[in-house]
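Labels run A, B, C and D following the written order; every chain starts at residue 1.
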Amino acid sequence: MNTPRATRRALLVGSLLLLAGAAQAETSTQDAIAEYREMFGDDNPAELWQSRGEALWHTARGPKQANLTACDLGLGPGVIEGAYAQLPRWFDDTQQVQDLETRLVSCVTTLQGIPREEFLKVKFGDGEKKSELEALTAYVVAASRGKPIALPMQHPAEQAAYALGKAAFSYRAGPHDFACATCHGDAGKRIRLQELPQLTTAAGAREAYTYWPAYRISQGELRTMEWRLQDCFRQQRLPQLKFGSEVAIGLTMFLAKNAEGGTLAAPGIKR
Amino acid sequence: MSDPMRIRAAVKGEKVEVKILMSHVMETGQRKDAEGAVVPAHYITKVTASCNGRDVLSADWGPSVSKNPYLSFRFKGGAKGDKLKVTWTDTAGDSRSDEVSIG
Amino acid sequence: MISLRLPGVLAASLLAVSLPLYAAETAPDAAAAMQRSFEAKKQAGMDRLQQDEVQALCTRYTTATLPAEAASSIQQASLATVKPPSDGQYLGDYKAGEQIAQTGTGLQSSDDPAKPNGGNCYACHQLAASELAYGTLGPSLQHYGKLRGQSPEMLALAWRKLYNAQADVPCSNMPRFGHQKILTEQQLKDLMAFLFDPASPVNQ
Amino acid sequence: MMLARRRFLQRLGHTGLAALTITSGLLPRVVRAADTRPAFAAEAIADALKALGIANPTKSDAIRFKAPDIAENGAAVPVEVESTLPGTREILLLVEKNPHVMSASFSFPDGTDAYVATRVKVAESSLIHAVVKTDAGAFYTDRLVKVTLGGCGG
């Protein structure tokens, strides 16, 4: 016995009325949240990480008692201006496609001789436990503010990383059958009041990628792209994404490529 | 050793406008860290500011001032090049002072 | 530990309706790269990366349209997994249902496995008018019961949506709360009450 | 536009809207080693004001108090207070629904504007009180800030 036409019509009329009411409440809530964000002005606590990162960059440390001014982020030794706008990319010396964070680890381990485990003991800061990786990342990223994203994308390994990122983006798994695409595959969607950029389009990818890394108000910490990806997988109910893994760098390559042409404005300030 | 504050102090008309970001955890004593252990209370309780030695502001804070605190205020009688000094003290007895010349 | 691959149960139900052979082939060795790129953390074990046949198929057709044959086999296989309430009672306690809808935790590596899982319905749906912080990934469910009444068909449809939404919409983004053992039968009943009970805030 | 939208949100309030959900785990009401300063140990506005020697302040429109109607996250709520009342010595910020209501007090020597901007933690949707101490007594105004629950993991 299928639903009588009358009930179906009632359903339609009912939901239309609701939509009108909901739409009204929805825009005023989004207005109010936009206003809340504006009240932070340009006093972003990320600057505290930037100045700590600058100090770390210039301080001689580790067994080799060297600073990081010879670190090559792709534009030549010590060049940080605009470097983040052209990452991830292939590096001949490590024979790998690297994102900013794994590249910083390479510099710290080779130039300063600090063991990888020691440097990454506190990968993601938590109050008193401060992360040097986050501070250095904030410093380097800020030096690409205003620069357009432009990935070299010539090396086959870079293209392979992009393809893996694209595949991982829609890999549905875990108890909830979630993939990145589940939440970031469509336009104009949101979780609770949290707007979700559609990361498969240039506009959506730019809206997200150009503001990361960012200071997260909810945690009072500056968070990087590697943190952003592993925390998203945590909420997808999947196991832990390994730092600097193929999928982490592949997804970053996928997002950066989609956001190409966008102007970097990181570190941003986020919920 | 705590991190330096970011202090912006600039003459605006006949007043000096000050904007400060302080690096501090402002722990309420309620929060649990990643491993689930309660993080003890640790927050700034006192802030003072002076211009060339003259007091221009003092404040008493509790744990509900946000982490990495932001503070902005305005005062008259300061000129370009004067020294603005800001000091905070916290529940652990730590203290930090930073000084900038007014722009 | 909830064994989520449920090889026995799932394979049996899917064998009853043989899925097309290309189901298992996901994009270029992405599954292998996923294995190399993750590590177990507390309750989030590596088994969670193993795709079942439905997940593999839906991954393959994330952007492309699902071929009709695959769609109907997923639908039939999913329908076969739906278990109606053991005591035949569809509606539980709407107040408990509201808590489940508001609770976003459950099954994350950061969650306490001893605590009941949340349904996190507000993440994707509008429900009670009184809650402004609702998501829009799913349709608004406001006045769900008021609009539909409690006919056997409506109750069965809503139960299927909760238990295994792919019984109605193959490759739906809606988690399979019953089939994947995310929520218990009692939790599903409480959510049904939250949707249908005239006294529930959803129907005010 | 500001006023129209606030009246709209208030009307939303009147139609039986429950307070928006509490932000999980920020400042639950648990008795803990309270601050030794009486005002900061107080758990109600009246007690905090009494501890500061302030008898019931008078509501005043001469205090400009800017706060967001909705805060996406209660960990940092930007607030800005400016008193145009003559002889203003101090501005106090109190958050009604926080376990310890007293948030901060600011005192202004001569020559310093009776103005301050900062960011405070708000445990759940709550009234924030801005109390102003002047030579001629105490005055106050307040703002309702709704705190929403964001994020996917909840």
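Assume a contact is a pair of C-beta atoms (placed from the backbone, for glycine too) under 8 Å apart; a residue touches a chain by one contact, two chains touch by 3 or more.
Since this is a predicted model, take the numbers as computed values, not measurements.
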With one step meaning two chains touch, work out the least steps from subunit A to subunit B. 1
Write down the chain pair with more C-beta contact pairs when B-D is set against A-D. B-D
Per Cα centroids, the chain farthest from subunit B: C
Chain whose Cα mean lies nearest the overall Cα mean: A
How many angstrom between the C-alpha centroids of subunit C and subunit B? 49
Rounded to the nearest Å, the gap separating the Cα centres of subunit B and subunit D is 20
Could you state the distance in Å from the CA-based centre of subunit A to that of subunit D? 34
Taking each chain's centre as the mean of its CA atoms, how far is subunit A from subunit C in angstrom? 28
In subunit B, which residues are in touch with two or more of the other chains? 31, 66-67, 70, 72
Residues of subunit D that touch two or more other chains: which are they? 12, 70, 75-78, 80, 146, 148-153
So which stretches of subunit A touch two or more other chains? 25, 29, 183, 191-194, 220, 234-235
In their complex, what parts of subunit B are in touch with subunit A? 3-4, 6, 19, 21, 23, 25-27, 31, 33-34, 39, 42, 66-68, 70, 72
Subunit D residues touching subunit A - in the complex, by the definition given at the top: 5, 8-9, 12, 66, 68-73, 75-78, 80, 146, 148-153
Which positions of subunit C touch subunit A when the two form their complex? 2, 4, 26-28, 30-31, 33-34, 36-41, 44-46, 48-51, 54-55, 58-59, 62-63, 107-110, 122-124, 126, 129, 132-137, 140, 142-143, 146-149, 153, 173, 175-176, 180-182
Listed in rising order, the residues of subunit A that touch subunit D in the complex are 25, 28-29, 31-33, 35-37, 39-40, 183, 191-194, 217-220, 234-235, 271
Would you pull the subunit B residues touching subunit D in the complex into a rising list? 15, 28-32, 41, 45, 55-67, 69-77
